[in-house]
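For reference, the structure I am asking about is given below.
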């Protein structure tokens, strides 16, 4: 049975621990990468928040517009992940995602998205409130 | 089916080529013209390997074009491979003498002496730019022109690229970064063209997207309505966040939020 | 002005078949003596093939010229048989006589000098073809006389 | 004539046409091949026709394809006597008809003489023809290539009738395999095996291609076959289509060969009209159509994958094999490619049987398909040889026999010119020195010598041919003709060209010799296609056999052959008789002198064109090279 990545916005406080853990788990040249999850404070400071992260859509626009088939669903995790060997950095996926869930890493200008950390999402691991979970 | 690389048994699938298999297994093979998203082309000839044949009749060939087969055994580091790869590198370095990519390879593969006259070119003619543009992006703005030593990869007749969409993929895949790609706040300049950058309709921030590229992307799917591809990532996320907030606060159901 | 009607007729002859692009280019070259840019654009549009393909073909095959050529085409065969029998000297003499280099056209537009890598009439070498007429066993001393035949009757000619 | 609707009808018709050909009919066969046309054959044919009509003679004028002996054109052969006249002009026509045809007298002024002035009366006695063995060329000279009736009357399409009427496709394939026929286009791959691969390949459609993109400079046999006997090629292709199961055929012919295009198109139209091509050939289920594609002038298009790309309307860049065309060829379908001469051998193999065909040639192909070379090969014998032209000889003949017996030896041997080398295999072939003149000529022997069969170019070089300059010539040729795709071929040729061009100017270095060998080895090993893999042959083979000439160039700025113009000077020596011919022929007026006095050559005006040397009958011009003029050369 495949695990499910669950977001419960009502539990989110907007503490942004998820962003931090994501950035550090996707390092580029020993520098933190851009977080592929963003948590917005709706009632600052730190009372209510909304995490925005890739929905891993059933029919992902990013995947459909990718000219190199670099975006594929990982059958174990269900995540749409980027095969950087195939990616030609055309940014079509970035343009196509209607939710803003494809990011551009400022360090190398490569596109980046949530890949569920290959099966153990660090955001869920470190989320102090249980707003993010993977089970 | 299993093959042997430097004597190590390696699992492969039918139709795979030795280069991709070897790299997956952590072996290093240099190449300039190979790209995982494109079929093998065999243009740069750097990825030489030696195939063991019957009665010691070994053959040097390119790993990128060598399909795996039952009983195949290749070696990556024989004297024959090293000697020929050195000469191919020497030829490439004579062509483009100041490329850090090539200089690094020369260092690594023991090319110490340059005997050929430098040509002062910038492009190694690997062809990735035109192949990516034609076979992947689909803009068909670049091609191989001329022939022999007078070969160029460029837009038709070397004029400003009429069919270019300014996506910049050619510049990205170029192994010797010889394609000039200039981004300003408002424009993208490449192949003699200046493209307008679309701006986020919400905050005005310039997007990494030209109108031409947007139209090309639209043609790949029916998912994108004209309203889409107008916002920057940040504004898109804020919109997403607000929608989610309304769902959480019960102002909107999940069903209507879904597109 | 390039008569696009003529181009359309040629495309018509091949029923707009994409795979006939090489033949169409050859016929256009025969009709105009070179490949005008407008004609190539038209071919691309009508056959619905990208300009990259047209440009790639037109620059690959040496039979094509992208610039207008002279009234008289002087083709010097540089095939092996002609070469060992002195074709380079014949070419040099023609270049001297017409004051152009191979591949160029005289300023009065009378002559274009081209080279070809063998026309398959090797027993006649060195061989020069002027407007499709074969001049075999040419030596440097014959060049002036041979070209004279093609110079305009009045005036000084191409020199 | 109406469409043949059964194989038997065709066989019947051919038998009748053969019987109806009157061997005693007086025919004037005028060669109208490209060579003889350039020498004025058209006017000659018109003159014969007018004169025959004026005299009311019952004589047929045949405007035939190439007879091969282009050097002596226009050629006329009178049948049935077989008398050969050469270099015939329209003004000779009346004499020929009156004296020879009507009275049986010979005209010595038009007869062929060899260097020793000996006259040869009959075509088949002339040494040039005597040692030949003609299978492919058997009909050239006897038929009008535009007439299918002429072809029928010589047994044409008999093989097709036999194949479609009596043989299964597999039988045809086996017959061609048994014959040992190897591809005449270059690599020498066994044709029958290629057919079998195509036959066995899976595909709803299969294609055939006839490679007539004869790009080898110095070779023109395919042109002559296609021009002189197009139906023979077509018949071979139809048989091949039947055997391979192909439904569509393409003839890719150079645009530089307009007559070949016209003749083959005419042949296709006629064969289609008679039901030998098209839907339901000879009333059977077998259908086959043939199209003509014109090439655009690219040597690399002789490579089969480049040729396929070109037919598909793309630039002629070769692609990686495998998959081979027999598996995935034109438009991804199984495709069989053979060249003109290969196809032209097929009808004879069917008519006379594989055993007969395999009776000529070398080795044994019954055990290994590459075990020998069978049948004949056409060579274009050109360069510094007395008799130039196309010669068809049995495989295994020696080079000496070709160059000296058929070719009549080295041109200007009386002026002291001697044999130096013969270059075979086109630009990618190699130069073979005199030590190997007695080696047999076949696919494998030539390869052993560092050369190759190629499409059959054979260029004879004399002592005045500089081997460094020859290598430079081929490398510069290939540098232009390389498709430019892969590094070793493109950059290797560029580098070699730079080095060799320096050498012929006397600016070479001794280290360059090793560098050339290094580059050559890698080009051979690492290039993508055959063109690149063989592109270094001219350099490697000349380095192997004529290294001393290279050494002279790099160490002493001396061209031993006296050919490299930057390294030589012409001087008028004491043997000058003051005949003034050199002064008259000098294009730059560099030579001056009074009649009967020794002339003077002004080095400042001399462009080293060599005309003075060529025209002098008294050895009064010397060529100097090396220390005598050094300093000048090493600029």
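Going by the order they are written in, the chains are A, B, C and D; count residues from 1 in each one.
FYI, a residue touches a chain if its C-beta (ideal position, glycine included) is under 8 Å from a C-beta of that chain, and two chains touch if they have at least 3 such contacts.
Note that the structure is a prediction, hence the values are computed from the model and not measured.
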Item to check | Contact network partition after chain B is left out of the picture | outcome: A | C, D
Checklist entry - If you tally the C-beta contacts for B-C and for B-D, which one comes out higher? => result B-D
Next on the checklist: On a C-alpha centroid basis, what's the spacing between chain A and chain D, in Å?
Outcome noted: 68
Next on the checklist: Could you work out how far the Cα centre of chain B sits from that of chain C, in whole Å?
Outcome noted: 39
Checklist entry - If you average the CA atoms of chain B and of chain D, how many Å lie between those two points? => result 44
Next on the checklist: Distance between chain C and chain D based on Cα centroids, please, to the nearest Å.
Outcome noted: 24
Checklist outcome for this item: Multi-partner residues in chain D (2 or more other chains touched) are 298, 315, 480-481, 483
Item to check | Touching two or more other chains - residue numbers and ranges from chain C | outcome: 53, 56, 60
Checklist entry - What are the residues of chain A that contact at least two other chains? => result none
Checklist entry - Which of the chains touch, listed as pairs? => result A-B, B-C, B-D, C-D
Item to check | chain B partner contacts - residues on chain A that touch it in the complex | outcome: 9-10, 38, 40, 42, 50, 52, 59, 61, 64-65, 67-70, 83, 85-92, 94-104
Checklist entry - In the complex of these two chains, what residues of chain B are touching chain A? => result 35-37, 132, 136-138, 167-169, 172-173, 207-209, 213-214, 217, 220-221, 223-224, 228-229, 231-241, 244-245, 247-248, 259
Item to check | Touching residues (chain side chain D, partner chain B) in the complex | outcome: 298, 300, 315, 317, 320, 322, 479-488, 490-495, 497-498, 511, 515, 518-519, 521-522, 525-528
Checklist entry - Where on chain B is chain D touching in the complex? => result 40-46, 48, 60, 62, 65, 67, 80, 83-84, 87-88, 91-92, 94-95, 115-117, 119, 124-125, 127, 144, 146-151
Checklist entry - What residues of chain D sit close enough to touch chain C in their complex? => result 34-35, 37-39, 69-71, 73, 214-220, 223, 254-257, 293-299, 310-316, 380, 382-384, 388-389, 423, 426-427, 457, 459, 461, 465, 470, 473-474, 477, 480-481, 483, 585, 587, 607, 609-611, 614
